[in-house]
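What follows is a set of structures for review.
Presented sequentially are two complexes of chain A, the first with chain B as partner and the second with chain C.
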Partner chain A sequence: MRTYLKILVGLIVVGAIALLAFILVPVQRTPAQAQLPDDWQPEEGQGEYAMRIADCAACHTAPDGEQFTGGRAIESPLGVIYSSNITPDDATGIGGWSLDDFRAALYDGVRPDGTHLYPAMPYENYRKLSEEDVRALYHYFTEEVEPVRNETPEAELPFPFDQRWTLRGWKWLALDDPGFAADADDPVLARGEYLVEGPGHCSACHTPRNTIMAEAAVDASDEAFLSGGEIAGWTAPALRGPDSAIAGWSQDDLVSIFSTGRNAHAAVNGEMQLVIRDSTQFMSDEDLTAMSAFLVGLNEGTGQARAESETTETETEALIASADPDMPLGTRLYIDNCNACHFANGRGADEVFPELDGNSLVTAESPTGLISMILEGSELPSTPKRPYSLRMPGFADRLTDEEVAELASFVRQGWSNDAGPVSAASVAELRGKAQAKME
Partner chain B sequence: MARTDPKKDVVIVGLGWTGSIMGIELAQEGLEILALERGPDRATVPDFKYPKVIDELEYGIRFGFMQKPRNSTITVRRNGDEVAQPMRRLGSFLPGDGVGGAGIHWNGQTWRPMENEYRLRSYVEEEFGADAIPEDMTIQDWGVTAEELEPYFDRFEYMAGISGQAGNINGEIIEGGNPFEAPRSRDYPLPPLKQTVDAKMFAGAAKSMGYHPFPRPAANASEAWTNEYGMQLGPCNFCGFCERYGCINYSKSSPQTCILDALKRYPNFSYRVNSEVLRVDLAPDGQTATGVTYWDDEAGEEVTQPADLVILAAYQLHNVHLMLLSGIGDPYDPRTGQGVTGKNYAYQMNGGTTLFYKDVDFNPFAGAGSVGMAIDDFAINQIDFGAEGFIGGSYIVAGNSNGQPIRGISLPEGTPKWGAGWKQGIGEWYGHSMSIGSHGSCLAYRDCHLDLDPTYTDRHGRPLMRMTFDWKPNDIRMTQFMKGKIEEIAQSMNPDSWQSSFKSEGARYDIRPYQTTHNVGGAIMGTDPNTSAVNRYLQAWGQHNVFVLGAGAFPQNIQYNPTGAVGALAYWAARAIREDYLPNPGPLA
Partner chain C sequence: MTPRFLQTSRRAFLGGSAAAAALAALSEGAQAQQPLPPLEEYAPVFLTPAEWAFVMAATARIIPSDGDGPGAQETRVPVFIDRQLAGDFGAATDLYMQGPFTPDADMNLGTQSPLTPAEIYRQGIAAFETWCSNELGAAFADLPADQQDSALQALADDDVGLEPELREFWTLLLQNTKEGYFADPRHGGNAGMQAWVYIGFPGARANFHEWAGRDEAYPLGPVDIAGERA
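Up next is the complex of A and B:
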């Protein structure tokens, strides 16, 4: 009995010590992955460019806030997390951080005081950043950006997720080895892979989350990588595999979507608009080409041949053209509201009106994005190559929940689309949310 | 209350087509530019949003996008013996207000004048003798040629994404285009629009009579288009709501679809709305402008805006009004023929024949502002003025721009104008008529002019501008000639009945019914400071830092819709400013 007690007490003591150690012993920080001279300085503009390719601005800027001062609400499935102030302000930002502190935030998701960052900060991907990019970013955020005092709100997560120390265990399970090694020998493809896997952190949205809500894969060699995810209720479509939203797209199509938010097939929507607005439109032609070439490579062999349907009239088109007064409500609503731009063949017009036939927003498993688009409309970001903030109007004031559901169901099943119907209840729910947001 | 704002390099008065073109061209030079727009801001969404803008009562009848006479109007008389009265309701013409100006609510008919229209006086004198020109006709040469302006038309047409079919590329006649047009350097950027039933019927009849039908050039995009500024148009869907409406569909070329979002990206460009310019301020010696004074509606105060360069880019009537109010050019006096500002105001001479067919469905609900087939066989370079006894010409066209229910239904003569009989007529005839129109020149005359009204003032206390204008026998003879030609074609098309509406001898100008918003002249261009208000680069003769854009520069009206020439002249002037004026400010001629 005494022995048992002793063992029990011993276990409790060991456990307590282990727990205290787990909480209190500083995290081993990942060291620099390459050695640069101490006096290394980024070239003029290199820091800002690194900020653009890593898209720091989109999350670290609140909708009406000053750039990089944080406070943007990031909705996670567990609750709302607020982005931090990354200007070099001593009290509320990253003022006084050393290079190692800065690198640890990017690679290991820890602050200088050892606090763990929630993985809304994509350190799963930033672990692949080159030392040169880390140094360039550090220079930019400590010497080129002006400090701004701005206290950001604490995350609103329920117990136990509000216990940041538990993230240490999560990281043991979730984080891959740091550093980047390209799969491709071709330097262009290798650069593309680096941009996609590392700074571009495409996978943060476009890769599904696993059971512990980590990215199911952070490397393109795994087929789960970029196989589709979700962000703020909108589908971040698959970028490879049978459901790839970019199957059949050319390298130019991709360059055009990154530099202008629009191409012959689609227009960006949802959170991707921020990516165009704050990041990809500023990327060099070389980097856009590299990234696009890499993504085209991921889709090799999955290009759907559309040649046949391009010349044959689809049943949907024939139904629209029939002008039959007894046609279903969804079809009639399409004619009355959508046909003017997207046309009877659902193909729209290059770079102006997106295709609805085969559009990943339309056919996404979750109709959230499509319903929101019909209710609220959308505006494309203005970019140097395509300055026009083309805007689709919202139809919330014109269509009832039932009508939106009928219309959405029609386009989800029209032409070659084959997605599930939409219920009026899900429209009502989103309409309520949109109204609450407006108020 | 009054304030003075910091000086700008350039102030642009009005943000329609010409203000936007000059804005972006000068913004590329890095100049600090402020554009002042009298009306509100406007954008496709929300202002032209579907279906809000498809409202004939609000925009077609109540003129939702037009200037309000209570804010800005003119007085009108038909000759020097009458007392001019203020125009209290819009009617004959519809100047727009707000960002985009009339460029948002036009039909999109985009033409180039004929070669001889730029040198009309010389042409008539050479071909028919000076005696062919009536004593009271004050036509002049423009001081530029079709050849000189060609690159600028090309620039405008490619910027605006015009749909059409070339008829003459560098002298080579192209089948299917207009064989009588001035040579162009290349084809239109977009293929022609699909044609409506009426246009096809007309083209067939015209062709079988030996004429040369061609698609009317259209600023309604036939396909998606991206222009030199990266701005975009989507294909037109023939909704039939062009004129008087903003386009729901990004399909009609306008400052909004073709320029403004690109222009707004320039940090050195800014614009203010609800800011009506009251006058151009001149230096004490009158030799240069020092800027403008405008009324800031929001602040409720007058603002002095100093600037090195003043661009008048408002509507033709307002440009001339500002020149008269500011002392730019000597006011024209019809008694002596002296003075230049306000001289040669001209309008447009149009007519038409409506054809009724019980058994043809024209589907008028599918239309576009500039759809149609035209012939130029009776154009200004095809007519023997000596033999016919008039100077001028028209293009003749059929094409269905709309089937709007309130104004868009033609009824045969004798149908009751109201009640059960009218209803029955509407039921019987909606969709069963078409029309063939003539769009013709209107020349300049000694007494047709613009000056300041001696009696009436506007809300700012400024004298209203006074228009003196009436139809003249020469132009009536021209339109009667067209009537004969059109009726001949109409008859060959075997309608059940037809009726014509052309000005006939003794017709007087009536400002009540809508005719056309093609007011021209008053700030005419030329090569002689004694007979023109601006030089061939649209620069004021007396104040080298003032440029006056728009159709005010036309010394008489062309036989075409003016926007093509207005756009080309804006690019022409922009080039002169950028390459010649900015490096060495001073008179360019």
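Up next is the complex of A and C:
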């Protein structure tokens, strides 16, 4: 009996020491992955460009806030996380951070005091940033950006997720080796691979999360990478595989959507509009080409079926064109509300009205994005190549919940689409949220 | 002839209503169309009771109810006119209203009146009613239909002695009656889209691509800006 007690006490002591060590022993920070001279300086504009390709602005700027001062609410499945102030302010920002401190935030998700950052900060992807880009970013955020005092709110997460020290264990499981090595030999494809996997952090939204809510893959060699995810309830469509939203798209189609938010097939919606607004429209033609070539490569062999269905008249198109007064309500609502721009064949008009046939927002498994689009509408960002902020109006005032449900169900099943129906209850819930947001 | 700049610019109108719709959209949510209260129960916003009686009677002669289609009364044209006079149109918000004013200038020089459309209605109705009681012995609304018609003809011919700054009164009344009859129901007239149904106009649907050149009637009834069907 005494022996058992001794063992038990011993285990408790060992466990307590291990726990304290887990909490208190400083995290090993990942060192630089390449050596640059101490006096290395970015070229004129290189820091800002690195900020653009890593899209720091989208998350680290609140909707009505000053750039990079944080405070933007980021909805995670567990609760709301607020982005931090990354201006070089001593009290509330990153003022006084060393290069190693800065790199540790990007690579390891830790602050200089050892506090763990929630993985809303995509350090799973930023671990692949080149040392040049890290140094360029460090120069930009410490030398080029003005310090602004702005306290940001603490995350609103329930216990135990509010215990940041537990993230240390999460990182043991979630984080891959740091650094980037291209799989592609071709230098253009390799550059595209780097942009997509690293700074572009496309995978943060477009890759599903695994059981511990880490990205299921951070490397394109894994089929799960970019196979579709979710962001704030909206579907971030698959960018490869059988459900790829960009199947059959040409390299030019992709360059067009990155530089203008629109192309012959689609118009960007939801959070992707911020990516165009703050990041991709500023990328060089070379980088856009590289990224697009890489994504086209991920989709080789898909998109044949789509191309064939584009030429034949569908039953849906024939029904709309008939203007038969006895048609079902969903079709009638389409004629009365949508047909003016998206047309009977559901193909819209290039670079103006997106296609609804085969549209990833329309056919997403979760109809949240589609319902929100019908209720609230959407506005494309203005870019130098396409300055006009094309706007789809919201239809909340025209349509009841039942009508939105009928209409959404119709477009989800019209033409060659084959997605599940939408209930009026789902519409009512999203209408309530939209109203709360306005107030 | 209607002076061109008294007419609402279609572009400005659409822009303004799109902004208003966007604001209204999320704050109110979609509501089922409420049945309209009877026209007699409508409480005018701008017009006095006597003016309302005149507008009711005059528009009923311009688009009478015993013709082939619906009249100004059933389509609630007087409501449209009252609301327009109470709003930006009545207040001449979109018109250049600085001097110099030369009300009796040649008609080809366009509107020269220092008065807003609301003021033209107010003073024009008063002046015309004085003419009616002096020449015909009764308020316009109390005259028999044939005398109302000849009184309106005299007004249209500028034979009722209106001051020069009121000379647009008849063109405004005629123009606003037509507008109230055919405008979208959101502005108070064209109730139930009756005028659109009557002439076969399919409303705010904006795309009839598949029907261009087809020698048959378009089968669907109209839809209005609020999305209602008739």
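Convention: the second predicted complex is superposed on the first by the 435 of 439 C-alpha atoms of A that agree within 3 Å, B and C clash if a C-alpha of one lies under 4 Å from a C-alpha of the other, contacts with A are read in each partner's own complex, and residues count from 1 in each chain.
We take it that a contact is a pair of C-beta atoms (placed from the backbone, for glycine too) under 8 Å apart; a residue touches a chain by one contact, two chains touch by 3 or more.
Remember, it's a predicted structure, so these values are computed and weren't measured experimentally.
Peer 1: Based on the superposed arrangement around chain A, label chain B with chain C as either clash or fit.
Peer 2: After superposition on chain A, which the two structures share, chain B runs into chain C.
Peer 1: Just chain B (first), just chain C (second), both, or neither: which does A:Leu24 touch?
Peer 2: Neither partner.
Peer 1: Which holds for A:Leu390: it touches chain B only (first), chain C only (second), both, or neither?
Peer 2: Touch partner of A:Leu390: chain B, not chain C.
Peer 1: Touching A:Ala321 in the superposition: chain B (first), chain C (second), both, neither?
Peer 2: second
Peer 1: Applying the touch criterion given at the start, work out whether A:Leu5 contacts chain B, chain C, both or neither, answering first, second, both or neither.
Peer 2: It touches nothing on chain B or chain C.
Peer 1: Of the partners chain B and chain C, which touch A:Thr400 in the superposed model: first, second, both, neither?
Peer 2: second
Peer 1: Quick one: classify A:Ala340 as touching chain B (first), chain C (second), both or neither.
Peer 2: both
Peer 1: Using the touch definition from the top, say if A:Ser382 reaches chain B (first), chain C (second), both or neither.
Peer 2: After superposition on chain A, A:Ser382 lies in contact with chain B alone.
Peer 1: Between 4-12, 40-48, 76-84 or 148-156, which run of chain C pushes into chain B after the superposition?
Peer 2: Residues of chain C that clash with chain B lie in 4-12.
Peer 1: Going by the contact definition given at the top, which residues of chain A touch chain B in one complex and chain C in the other?
Peer 2: Overlap of chain B and chain C footprints on chain A: residues 337, 339-341, 343, 377, 393, 398.
Peer 1: Considering only the defined contacts, which chain A positions touch chain B in the complex?
Peer 2: 337, 339-341, 343, 348-353, 377, 379, 382, 384-393, 398
Peer 1: Under the touch definition given earlier, write down the residues of chain B that touch chain A in their complex.
Peer 2: Those in contact with chain A are residues 43-46, 49-51, 223-224, 226, 229-235, 237, 239, 248-250, 257, 261-262, 264-265.
Peer 1: Flag every residue of chain C that touches chain A in the complex, lowest number first.
Peer 2: It comes out as residues 18, 21-22, 24-30, 32, 205-207, 209-211, 218-221, 223, 226-227, 229.
Peer 1: Provide the residue numbers of chain A that touch chain C in the complex, in ascending order.
Peer 2: Within the complex, chain A touches chain C at residues 320-321, 323-325, 332, 335-337, 339-341, 343-344, 375-377, 393-401, 403, 431, 434-435, 438.
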